[in-house]
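The following pair of complexes shares a single chain, chain A, combined with chain B in the former and chain C in the latter.
Our next item is the complex of A and B:
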């Protein structure tokens, strides 16, 4: 098929000679999907937005060309761009709830974009086009549905509307910026199929931005791995997932917890360099096991490593082209090897817990238990009641009935009614570390406040405990004098864990604590949780990611609409699910190893 | 608030999911989803007015003054005052007095002025009209003016004009309204330009609108005192909307600037402005007190001032209850408008606005 999009020498800077991305060259053929992957700060979204000649405030496209059908989008005036955007090249944004005007119905949204680009169409022709695109995106096209406002749709439906808005004019190129991040796995799986189908049907070239390599494997024809604003590797999908050539691509793949893989994912050590700290050498060298003198001295150029182009272009920016990197492979019959700790006396035991929000029931008679040194995963889609369940255990004010037993003692429902000696034993860690720490307190103050709250002791003891807690989460003691804004997301989540540990808990409740983090950082946190678990801590891990469950949990409880669907040992349940719902959830979970239908 | 809105989001999400397969029953019902909320809101406003009337009544009765003594003067004998007190019903229990007062008031009888012995309603009717005329003229100027200026500045954010005007509006906001009034009088009514009358000697037999020369300076004072706040709020709301993801998304779909501004940005910026207009109207109702005194404009503000001076309790009660009821009504209208203009609130039964 013909080339639909070519990007040449794209360079985006923030002034003062600092660039966010540079030396970006790639092309996408009609009907194919190119995935841009990388961690936060890798420049993937910056590149994707530049394809529409758009940058975030402060950034400037300094040079380069974005060509589609011989037209250089970057050379167009603002007025000319208006005719290109949404018409020849269109965008699907990350957060569908934020990307739709709350005051306009979805029908109005669709009419607006048609009116903008094809003003000659009358209402009836527009409505016919809309009916068509609604069918394409798998949505009901009746008048009542089109009269709905964005808030009256589910997240998956909102994302389908964004797809419809992007596809309604049959563009040559469509840019998708993490379009499934806000969705649960089942909606995600269905949306991916829709994207694939539409691109093939209309010969649209797609650029798909994602941090999730497992998702990319379901969708992309080619994958471009970005590191610190440079291309590390471009490869056909099959080559990249079978034989990654760049140590960073390899590291990313090894860092992903996978539903088919019972092992702790291995983190990539260190942190990515910012755009201003890039030195003369390879940007990845400080974190690379294979780095040597030449890597420190000289930045590698992107070169073809499979010149025959039989399977497609494979390019690599690494001085070492023959590292022979191998990936972990799933081993069969894990279920028999798993230790069963549920026979130990439970630390926490929930009996027939139900909860309501107003008149709306959210949990129906859920029972569970977790033992010392055990990790219980609570899995479910959004709205399944999993976070409610976690909050009930923590005693956060929720109207709930049922019984909680903790270390053999009945536990009141509300934390306020619990004795301090009970309270410090159960600690809760939140999803978003950026919001969980007081921005005006140093890390040391945050930790000391938690310690002082439960234990009366002098300042010297507390300082010692702060140091010990930081040591436990593998952070240097100097972090104590820093403020949250000076630290990365992974470090902040470690501090949140340290704050829980300083209270000497016997149960840690983790509510999606890795979902806001990059995969290599997530691997880091999972490793830490496992070491804590081996020291006897019981962990409740709330998540929608079955890969994470496989990686760290001992047992799992599957929730749907507030009802326990199934529970059991992780390996047994994930290998041989009994309930239809669990089977579907497993089938929808993207994996690096599952057989691809396509 | 955070958790309750999240919770409500959860409700509506599950509600839509549940009805995905079939048609939404709620959309075909004749009664709109917000009606229940609106009725509750109106009822609570009425209750609020009753509570305020109680507070006003209690406060004026507890004041260290004796209406009977005030009316009869210092020379009257103690016996005469006592007789007169019984005639006024002042010897009865407070609750009974309140009931008599409020039940008469509900029928439009607010009693007689202690000072002039005229019915209170007759005394303040003209004053109310004059004040409302003043507030209405100010609103007619500042509401469209602020919307236009706020949107205009937001679209030129951080330009020299924007920075200059925002800075001067902050400076203006810092000047108390009586100082603005005096400044305007000095500038436009006395030494510099002698264009408008410095005092507002309205002919009581004609509408205030028929004598605009007397309204200009008081109205101008109120405009200068309240408009900076409203302009800055509209500007802020508009900037927030322009930065919203849905605007960027719509721009990247190739929608024209005209559609983006008029159909996407402004309607979203108007909603927070409604509450600000309500707040400004409440401030204006209070602001007339000061401005009317400065200009001796014959409105309820100057009437209240005079009534307080001579402890004319029935007049004080009527004016304060009127002002409180007006503020309540304005807020009620603003809340209703907010709900009706916000689909998320309009389609959700029984939820509080804002």
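Our next item is the complex of A and C:
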């Protein structure tokens, strides 16, 4: 098939000789999907936006060409760009709820695009086109549906509308910026199928930006792995997932918790470098186990490693082309060897807990228990009531009924009614580490306040405890004098955990605590949680990610619409689910090892 | 352009700071520097400037320069006190309302809106006409007139902060209410409140000077900038300095505090955009 998009020597900088991305060369053939993969700060979104000749404030496209059908998009004027955007190259944004105008109906959105780009069409031909695109995207095309406003649709339907808006003009290239991040796994699985079908049907080249390699495996023909604004590896999908050649690609794959794999994911040590700190050598060298002298001295160039081009282009930017990296494989024999720890007396026991917001019930008689040193995962899609359940246990003010028993004592629903001696034993860690710490307090102040609140001690003891807590989460003591804005997401989440640990808890409630973090950092946090669990801490881990459940949990409870669907030992439940809902959830979870349809 | 912008803004705040500090210094140190007593009759009525009176004489023959130096203190302390009282009380009420929400919040908002509907100056005039013109009373009334604005502002910024996870975390830890309000929330809403303080200062200067001009402020024969404008307006054509000098100082003080507040506000917004 013909090449639909070619990018040559793209370089985007922020002035003063600092570049965000550089030496970006790739092409996508019509009907194929190229995935741009990397962690935050790798430049994947910057590149994707540059394909539409757009940059964020402060960044400038310094050089390069973006060619479709011989037309260089970067050389066009604003007026010409208006014609090209949507018509030849279009965008699907990350958050559909923010990308649609809440005051205009779905139908108006679609008509607007057609009116702007093809003013010669009359109402009837526009309506015909819209009916066609609604069918393409798997949405009802009747008048009543088109009259709905964005807020009357589910997240998955909203994302389908964005797809429809992008496809209605049959562009040559479509850019998708993490379009499924805001969706639950089932909607995600269906959207991915739709994207693939539409690209093939209309010969559209797609550039799909994602941080999730498991998702990319369901969709992409080629994968481009980015690190610190440079291409690390471009490979056909099959080659990358079977035999990654770059140590970073390999590290990413090993860091992903997978539903098919009962093992702790292994983190990539260290942190990604910022655009200003990049030295002369390979940007990944400080984190690479295989780095040697040449890696420190000289940045590797992107080279072909499979010159025959039979399976497609495979390029690598690494001095060491023959590392022989191997990936962990699932071992089905281990699946049933998990031991049952629930014979230990429970730390926390919930009996028939129900809750409602206003008149809307969100939980119906949920019972659960968790023992010392055990990790219980609560799994559910958005709106299943899992966060509500977690907050009830933490004693946040929610209208709830039922009984909570903690260490053999009845526990009041509200934290304010609980005795301090009970309160410090249950600690809660939030999803978003960037908002979990007061930005105006140093880390040391935050930790010391918590310690002082529960244990009356002199200043020396407190300082010692702060250091000990930081040590437990593997952070240096100097962090105590820093403010949250100076730290990375992974570090912030460690501090949130340290704040919980300084209260000497016996139960830790973790609410999606890794979902805002990069995979390599997530693996780090999961590792930390596991070591805490081995020290006897009970953990309740709320998540929608079944891969994480398999990696760290002992038992799991599946929640849907506030009702317990199923619960049991992790391996037994994930390998032999009984309920239809659980089966579907497992089938929709992206995995690095599942069989692919085509 | 991105480099020029903040520099221009800080220069605006800087100009405001210089003006405000100069007026403040004049008002605070003035009484000690005045060559004559502000109430001593030292020259002819509406006398022109001469060697012992830089700005001439007023309607009774006081030295205008001496009265100018002595007359700023009342305005400055009353404006500052009224604004600070309004800020302290209003912030506490607004934060509590924003943190708890529910009935208390609604009741507070309702009262604030009713008060907001009253024009400030009319409210102050009404109370002063009924209860007298004691300086502490005027300060209190001006503070009360400013309260609704502070309450509304502090409540709305608190609403945004109170839903963030670090506040939820401190609730779960069982921290005391004063601790949550004063140590966790207050530092995070301080910037918009301080900017509002500057704005209130310039409003207070306007109200207090206006009050004196209308004859409801500082009692004659004491010196006061607003009062001086009123006293000498009959002689505007003969001895314009006696009216213009205090008027210019009032205007400068209002301008200075306003520039300062606005400059800080814009600089703060700029920092936020960057982050």
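The rule is short, and it goes like this: the second predicted complex is superposed on the first by the 597 of 598 C-alpha atoms of A that agree within 3 Å, B and C clash if a C-alpha of one lies under 4 Å from a C-alpha of the other, contacts with A are read in each partner's own complex, and residues count from 1 in each chain.
One rule holds for everything that comes next: a residue touches a chain if its C-beta (ideal position, glycine included) is under 8 Å from a C-beta of that chain, and two chains touch if they have at least 3 such contacts.
Note that the structure is a prediction, hence the values are computed from the model and not measured.
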Which superposed partner A:165 touches (first chain B, second chain C, both, neither): first
Touch count on chain A, higher of chain B and chain C: B
Which superposed partner A:144 touches (first chain B, second chain C, both, neither): first
Which superposed partner A:100 touches (first chain B, second chain C, both, neither): first
Which superposed partner A:400 touches (first chain B, second chain C, both, neither): neither
Chain B versus chain C as contact partner of A:90, first or second or both or neither: first
Chain B versus chain C as contact partner of A:256, first or second or both or neither: neither
Partner chain in contact with A:288 - chain B first, chain C second, else both or neither: neither
Which of chain B and chain C A:503 touches, first, second, both or neither: second
Residues of chain A contacting chain B in one complex and chain C in the other: none
Touch list for chain B against partner chain A, complex: 7, 10-14, 16-17, 20, 23-24, 27, 244-246, 248-256, 259, 263-264, 267-268, 341-344, 347
Parts of chain A lying in touch with chain C, wherever the complex brings them together: 58, 394-397, 415-416, 418, 420, 423, 428, 430-432, 435-441, 449-450, 453-454, 485, 499, 503
Parts of chain C lying in touch with chain A, wherever the complex brings them together: 2, 164-166, 168-175, 183-184, 187-188, 275
Complex contact set, residues of chain A against chain B: 52, 54, 81-87, 90-91, 93, 95, 98-104, 112-113, 115-117, 142, 144, 147, 149, 151-155, 157, 162, 165-166, 357-358, 360, 362, 382-383
